[in-house]
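Order of writing sets the chain letters: A, B and C. Residues in each chain are counted from 1.
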Amino acid sequence: MHLPVFDGPLELLLQLVKVNKVEIHQIEVAVVCDQFHEYLSLMEEMNLDIAAEYIYEAALLIQIKSRLLLPRPRTEDGQPAEDPREELVKRLLEYRRLKDASQSLAEIHSMRVGVWTRRPQPMPSAEEPEALDLEEVSLFDLLKAFREVLVRFDHEHPEPYHLSRETFSVREQFERLLKALEGGKPFDLLSHLRHGRSRGEIVAVFLAVLEAARMHLIRLHQGDSGEVVLYRTTRELQTHELEAVQA
Amino acid sequence: MTERADMEAVLEAILFVASEPLAKEKLLQVFDEAEAEAAETALEAVLARYENTPDRGVALEKVAGGFRLVTRPELHGYLRRFFEITGRSKLSMAALETLAIIAYRQPITGPEIHELRGVQPSGVLKTLLDKRLIKISGRRQVVGKPFVYRTTRDFLMHFGLQALEDLPPLEEFEETFSSEPELQMSLETEDL
Amino acid sequence: MTERADMEAVLEAILFVASEPLAKEKLLQVFDEAEAEAAETALEAVLARYENTPDRGVALEKVAGGFRLVTRPELHGYLRRFFEITGRSKLSMAALETLAIIAYRQPITGPEIHELRGVQPSGVLKTLLDKRLIKISGRRQVVGKPFVYRTTRDFLMHFGLQALEDLPPLEEFEETFSSEPELQMSLETEDL
């Protein structure tokens, strides 16, 4: 099966309006909404990642659809209430205008790409190569230049490599872990690991968790969204047990 | 004092060496104030020399507020072949749309572009910044202080525009929004 | 098959774009073998066009076994002057880097900049001072009492910043622009 690729939810919506042969301001939200969802489920079936933007837009469509089903009271001054579609229509119209404009830019681009200037050559008063027009230098260039300096500096001044830095004691992590769980506070393991400063530290935390679980000092619980939460059990830690943990 | 023929030669040489557009005033600065009139006539003569004729490969174009010498676009294929250039800069549709949004709605922030296109623009913005078609021109003083983008002089040069006003006009906005009651009745039509 | 006028245009365009001398054989290769004779005549015509006449600033020079377009040597003085007058608004990469260091690490001394860039900065500092992008804001009370540099109000204005705090930290830059590479989506317009 061949699924057309769209560059974002608005492009998909625009295409749906076109397929349904209606004007944008007469968009039939119920129809478009269903087709939009159908497209997303096709994407799902084909195991394609659905960007958050599509999901957001889909939710918006449902919202508009349901608002359209409700009777709309008149406003205080007797005017009909705003059409729930108005915002969407405005966005689509604006998007289509700019999309049309980008088509004309594309045409100009394809023609102008054929225009060549002279290749740079030493000028009579060559200052320095690769100078930028001061008027045109922006924050982006400034930042790029700064990053360039730092990268080059690091490259030319490599830090001496310390193996000793990488050592993390499992016992230390073990003690920290139990301390963090004091008073029955739950502890989100994955987010803690994510904040580890180095591979060595993460490994040490992980070993400490295994050790504590083995000693029945903690319980591990996996939540619905995959998070791993640790709880302290009521069992007391014996001094000789702590001694046994690898330092 | 510069001879008239020499003036023409000087102007042509400057245009040949500079690869960027030079404003008329800037070009004429090379001569003394007193010669301004003669210089202007000389410039006209050079312009006439580069009038577009089929046997000329080089043209003098008016772009981004100045003049510059460029090759004629029709010769692109030959030049590509000769200089063995493959794949000259292509802009994706996403990049062109984002560029159009910035060109027509500048100054504009990243979140505003996101809103208009419905897509996170950061990757495309980086591409356009790297190609120097847009620039960051500061921050907007609102929550999050987002960067503000504008098109550059290179943008004008690339698209052969004298100024932003020369952008092709946008289609008229259909302000009228029809919300007749009978239309709402027909909304619940059958599915696909 | 290339028309004769087009041939001349192609040759002129190639000579214009290339900055190094091109051998005749290489130049003529851009056309088909069968057109060799016509191509040669076309080249003669282009050569004649660039015959040395006083009103022309560009000449076709035969050097190192090839042809190239150059400005006439007599015009050297004018060109020099022109680019001296107008070249001021350029910022070299060295200057930009130094400016970035000062912006992010101010107040900073010359020796400290030297340390970071690995290059003596005095020339570049003078350029930046001349352009009023940086200023001297005293001396550091260490050996040699070096000058301390800071950015100016003009600097803020140029980059569209309200205050130095608005300078984007490097992390923000990485976050904003290095998220994902631009998605090269193929735009297919077939119906659903």
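Rule of thumb we're sticking to: contacts are C-beta pairs under 8 Å (C-beta built on N, C-alpha and C of every residue); 3 or more make two chains touch, one makes a residue touch a chain.
All values derive from a computational prediction rather than experimental measurement.
Chemist: Taking all protein C-alpha atoms shown, work out their mean, then name the chain whose own C-alpha mean is nearest to it.
Modeler: Measuring from the global C-alpha mean, the nearest chain centre belongs to B.
Chemist: Quick one: point me to the chain whose Cα centre is farthest from that of chain A.
Modeler: Using the mean of the C-alpha atoms as each chain's centre, the farthest one from chain A is C.
Chemist: Starting from the mean Cα coordinates of chain A and chain C, work out the distance between those two points in Å.
Modeler: 36
Chemist: So the centre of each chain is just the mean of its C-alpha atoms; given that, what is the distance between chain A and chain B in Å?
Modeler: 32
Chemist: Return the distance between the CA-based centres of chain B and chain C, expressed in whole Å.
Modeler: 18
Chemist: Hunt down the residues of chain C that sit against at least two other chains at once, touch-wise.
Modeler: 13, 16-18, 79, 83, 159-161, 168, 183, 185, 187
Chemist: Using the touch rule from the top of the page, what residues of chain A touch 2 or more other chains?
Modeler: Where chain A meets two or more other chains at a single residue, that happens at 7, 35, 116-118, 120-121, 123-124, 133, 135, 138-139.
Chemist: Note which residues of chain B are touching chain C in the complex, please.
Modeler: Residues in contact with chain C: 3, 5-6, 8-18, 22, 26, 29-30, 45, 54-58, 69, 71-72, 75, 78-79, 81-83, 92-95, 110, 120, 122-127, 129, 136-139, 141, 145, 147-148.
Chemist: Mind listing the chain C positions that touch chain A in their complex?
Modeler: 13, 16-19, 76, 79-80, 83-84, 87, 89-94, 96-97, 99-101, 103-104, 116-118, 131, 158-161, 167-168, 170, 173, 183, 185-192
Chemist: In the complex formed with chain C, which residues of chain A make contact?
Modeler: 4-7, 15-16, 18-19, 35, 39, 116-121, 123-125, 127-135, 137-139, 141-143, 145-150, 152-153, 156
Chemist: If we count contacts the way the header does, which residues on chain A are in touch with chain B in the complex?
Modeler: Against chain B, the touching part of chain A is residues 7-11, 24-26, 28-31, 34-35, 38, 51, 53, 57, 68-69, 80, 83, 85-86, 89, 91, 93-95, 97-102, 104-106, 108-109, 111-118, 120-121, 123-124, 133, 135-136, 138-140.
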